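Below are two complexes that have chain A in common, paired first with chain B and then with chain C.
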Partner chain A sequence: MREVISLQELKRIAQVSKLELSEEELQGFFEDINNVVSRFEKLNDLDLQDISPTSHLSWSEPPFSSDEPRAGEGGEEVLKGAPQVANGYFVVPRVVDKEEKENEDRRV
Partner chain B sequence: MKIEEFRDFSIGDYHRLFKDKEISPLELVNLFLERIKEGEDKIHAFLFVNEEKAKDEAQKKAENLPDELLPLWGLPVAIKDNICTRGIPTTCGSKMLENFTPPYDATVVERLKKAGAIILGKTNMDEFAMGSSTQTSAFGPTYNPFDRRRVPGGSSGGSAASVCSLEAPFALGSDTGGSVRQPAAFCGVVGLRPTYGRISRYGVVSFASSLDQVGLITRKVEDAITLLEVVSGKDDKDSTCAPYPPFGRSEIPAPEEIRKLKVGVPREYFPSGLEKVIKTKIQEVLEKLKEEEIEIVEVSLPHTSYALESYYIVAAAEASSNLARYDGVVYGLRVEGENLQDMYFKTRTLGFGREVKKRIILGTYALSSGYYDEYYLKGMKVRTLVRQDFEEAFGKCDLLITPTTPSLPFFPEKKGRDPYEMYLNDMFTVPSAMAGLPSLSLNCGYDEGLPVGLQIIGRPFEEGKLLGLALFLEKLLALPSPFPLFKEDNNE
Partner chain C sequence: MSDFTTTIGLEVHCQLLTQAKMFCHCSTDYIGKEPNTLVCPVCLGLPGSLPVLNQKVVELALRAALALHCQILPQGVFHRKNYFYPDLPKGYQISQYDLPIGVDGFLEFYSRGVKKKVRIKRVHIEEDAGKLIHEGVFLPPGTSGVDCNRCGIPLAEVVTEPELSSPEEARDCLMMLRNIVCYLGVSDGNMEEGSLRCDANISLSSSSLLGVKVEVKNMNSFRSVYRALSYEVERQRKLLEEGKPIFQETRHWDEVKGVTVSARGKEGAEDYRYFPDPDLLPFSIKGEMIEEIKSELPELPLQREERFMTEYELSQGEAEILVQDKEIADFFEDTLRDFNEPRMVCNWITTEVFKNLKELGIDISQASITPAHLAELLKMVDKKEISGTIAKSVLEEMFATGARAREVITRRGISFISDEKELENIVREVIEKNPQSVADYLSGKEKALQFLIGQVMKETRGQADPELTKSILIKVLSSEE
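Then we have the complex of A and B:
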């Protein structure tokens, strides 16, 4: 295994992915991911300069839907799957920290 | 009647029994439920058995036998647990969705119901369809019905194992890089991945959207044809679903036309690492086809050995983006935290298993600034080369025949084993998925009681030729359909 991604870089990527890794997990992923990523270097054998990328497959022009209002599905039903709801809304924990909020208020 | 009497049945045979009043839909559902009870502690193919609702639905049907039966009337079907079923849990084999019950049916489920089918239950799978062994399910693995010590393949391992053991007559799966064909090969049944866009993905939990496709797992090729007729075709709810009419069996060439097809054999699909018995079995089939005067030509798909790397970049990149939606807000697991960010971290850390986390990290890395060109862009360019390989090969032949897997069903992953070894199992199924081509795995024989899968690959939307050759081969090989006896171990 060659080290392509450093432990530090791996920690950063996990942060961005909103995943908390224990030291043990981090070590395991460090080995596994470097193992896989180092094999990706094989693609450097190929001359890809003039090749256009395939991001998706489409066999025909994507169809347009008619621009008409329609009743959505679910409604109340959709909210039933939510961890927390109130008055027909999804509830999330506080987004803005208290201190930030106070600073904001002062500026106003 | 006894369940083993259905061993070689296809849908038409069940319908004949209904019409002759030899069995009612309720009696049939009860036989499958009994079989599930007998088998589940041995193979664990199901995550949820829809017992009450299936009985109710079957009872309703039993009371009202129509003169003309809908294509799937009265037949129970097993559904992979990443396909949404209204009012029935859909977990994706993950703690993240352990308590998720969809408020709607996937388009494929809606179409199955409309055609008269009865939802029998939801089948086990690798978490979020990431794996080739059904070992990464958060709810415990599925075992291979032929030999419980071995894996059933994956990620649609539960669907394949249920059909193999006749716990269900047929099932839906999903195939991103081989997740229908590889388990079908390991369980000795038919696994069809149609052309990308042939079947709507609406209501199928996204893993890698440019690759995901619903697949069909059946005991007979005939049933794959019927199922494809029912579930395929344009869907306004999925813009990646091709705006074409559903598949029709009239697209299948007559047997005499099948003999005129040219079959290509790509030399890159017979590498030195290929298990000898698999090579032998495939070659035996090719010999038989030659005896039937079907022309076999050697072709080359030169970028085959690069496809797997490209696939893992593209699939992980798309997965990291698709799985960002699991944030504890709208549905699925929430683990409370001090604030929003803390809640995100806690929810995702507890909700996802190891393989899923690994792929999210891999994909996030491949898409991150500074590495995008190095990985994701390169992956997509290689995908173009893989597609071009197929286009060129199909200039010389109508269909390709390859092995489905490089090995027989393997033993569960041992700790410390090179994770890449597991990925190699997908080497023959990944390239056609990247090119979006229809591909089918068919059992072509056994080695010491374990099945060997043969893969047929066709041009886009030429499922007709593909299924025509599969029917021809099925008849030619005349293998009995599997009926494993659920022995504790198969040592004798």
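Then we have the complex of A and C:
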């Protein structure tokens, strides 16, 4: 295994993905991810000098939709699958103050 | 006070005025709606659903980008901006990254009567998030409620270069930007309701010191933008003068306390892991579409303001007040069609009409008075058929009842006394009844004249022309000497 992603970076990736990993799991992922990512290194062998980045494989024009509102599929149907509901709201654990502010920063 | 240069840049989000959301057909009319009623699998991010771009979103964003003189990129690509928060069901926001709608534009505006120009870095489109509530409705303890009605409403984000040099300039720039999107019909620009949101970055520097950028968020009105940035200027200036460091951070404006508060603990958090959204193909923007939208751009607020200054000989300040609200500017010009006295119409609109609107708590579009009706009233004032004072009270009734000036005047039995002979008789009577005031006036007490005018008004139940009354009084009194 070649270390492409450090343990430090891996911990950060877990953090921003809101994953709590045990030491053991971290070790496991550390090896797995590095094995996978090392394979991508092979791509560096390719000569991409004159090729612009490709974000999609299909370059046909996408369909557009019209600006016509239709009745949503909201209401009870939507809330049915939620673990907890109150007064039409999805109920989630309260976002603590500090985290709330921290996350507000990332909001649009 | 040390010599620091203030540098401010703005990041403005406007909700686009589409009927349907950005990638689905849910309605965008979410204000006051029951929670989670305007949602579908797409905007809830349910597995297996696929977004399809609403064409109108591109059109509106193009309109804004073109009005801001941006260079339009031939191809748009959507990226996923990844972060976890309960109001973002998908776990990512569909946004744009390196290929926005437009880049390298500029915006011109007036600040303190001087024309300024700020460059626009980019205009891009993205989807709005939902809303979290923590109080106000019954929720189990320790929980928050999520309403996804706002999820997927289209936004245009406009980013300026950091070129604004004071909080005042930043506010004036934002006001112009708001006016532009309103004129364009791109957004309703309502800051209180959150359809227009503004973040700012601000730094202070001196010849020997490079500025440190601080982000300020949570400013919900033009006034709070001005207050928050003024607070930041002072805070940073004090720190610099005391030789203390300024941290690169995000701060939240606390409207009640009037301070900005550090949003700590965000180190390392800002990693959005942008990548092209595989669900959405790149879309191209064709030259014809750009040309078509360009040709349909309406007259913009700054052009209109400058036209008002040259065409109607209004001051920059007067023109600015009128154009700030497109409906008001339209009302002004429509009134001129029937009564071509720009300055007088401007004065009446910016004082009396505004006063009535404010008292009734309505916009001009909701008022029962029409430009033609105002013109009719002002014509009467102009011809001295009624006095300005009476016209004001007639206008009030016109606003309240929707009646026309003539109806109100007939109903109230108002007839304007502009007959000089008739007025002179009343003036003579008043003089006779108030010898003391006459003596006071003749001995040089100017105030006595006002009292005598008041008495004439009382006699005529306010129906005398005040200017005429004054001149007759002076004439008669001078012959008394």
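We take it that the second predicted complex is superposed on the first by the 91 of 108 C-alpha atoms of A that agree within 3 Å, B and C clash if a C-alpha of one lies under 4 Å from a C-alpha of the other, contacts with A are read in each partner's own complex, and residues count from 1 in each chain.
Basically, a contact is a pair of C-beta atoms (placed from the backbone, for glycine too) under 8 Å apart; a residue touches a chain by one contact, two chains touch by 3 or more.
Note that the structure is a prediction, hence the values are computed from the model and not measured.
Visitor: So, does A:L48 touch the first partner chain B, the second partner chain C, both, or neither?
Guide: A:L48 sits against chain B, while chain C stays out of touch.
Visitor: Could you say whether A:D67 touches chain B, chain C, both of them, or neither, answering first, second, both or neither?
Guide: A:D67 contacts chain C only, not chain B.
Visitor: Could you tell me if A:S6 is touching chain B, chain C, both of them or neither one (first, second, both, neither)?
Guide: neither
Visitor: For A:H56, decide between first (touching chain B), second (touching chain C), both and neither.
Guide: After superposition on chain A, A:H56 lies in contact with both partners, chain B and chain C.
Visitor: Which partner does A:E20 contact after superposing on A: first (chain B), second (chain C), both, neither?
Guide: first
Visitor: Look at A:N87 in the shared chain and tell me whether it touches chain B only, chain C only, both, or neither; answer first, second, both or neither.
Guide: After superposition on chain A, A:N87 lies in contact with chain C alone.
Visitor: Both chain B and chain C contact which residues of chain A?
Guide: 16-18, 55-56, 58-60, 62-63, 65, 73-74, 78, 84, 90, 92-95
Visitor: Over in the complex, which chain A residues touch chain C? Could you list them?
Guide: 12, 15-18, 55-56, 58-75, 78-79, 84, 86-95, 98, 101-108
Visitor: For chain C, which residues count as touching chain A in their complex?
Guide: So the residues of chain C touching chain A come out as 13, 18-20, 23-29, 34-41, 44, 52-56, 58, 77, 82-87, 93, 95, 126, 128-129, 132-134, 137-140, 142-149, 155, 157, 197, 215, 217-218, 250, 252, 263-266, 268-273, 276, 278, 280-284.
Visitor: Under the definition above, what is the set of chain A residues touching chain B in their complex?
Guide: Answer in residue numbers: 5, 9-10, 13-14, 16-21, 25, 28-29, 32-33, 35-37, 39-40, 42-43, 45-46, 48, 51-60, 62-63, 65, 73-74, 77-78, 80-84, 90, 92-95, 97.
Visitor: Using the touch rule from the top, collect the residues of chain B that touch chain A in their complex.
Guide: Touch residues, chain B against chain A: 100-104, 195-197, 209-210, 234, 236, 239-240, 242-244, 303, 306, 309-310, 312-313, 320, 327-334, 336-346, 348-349, 352, 354, 357-358, 360-362, 364-365, 368, 375, 377-385, 387, 418-420, 423, 434-436, 460-461.
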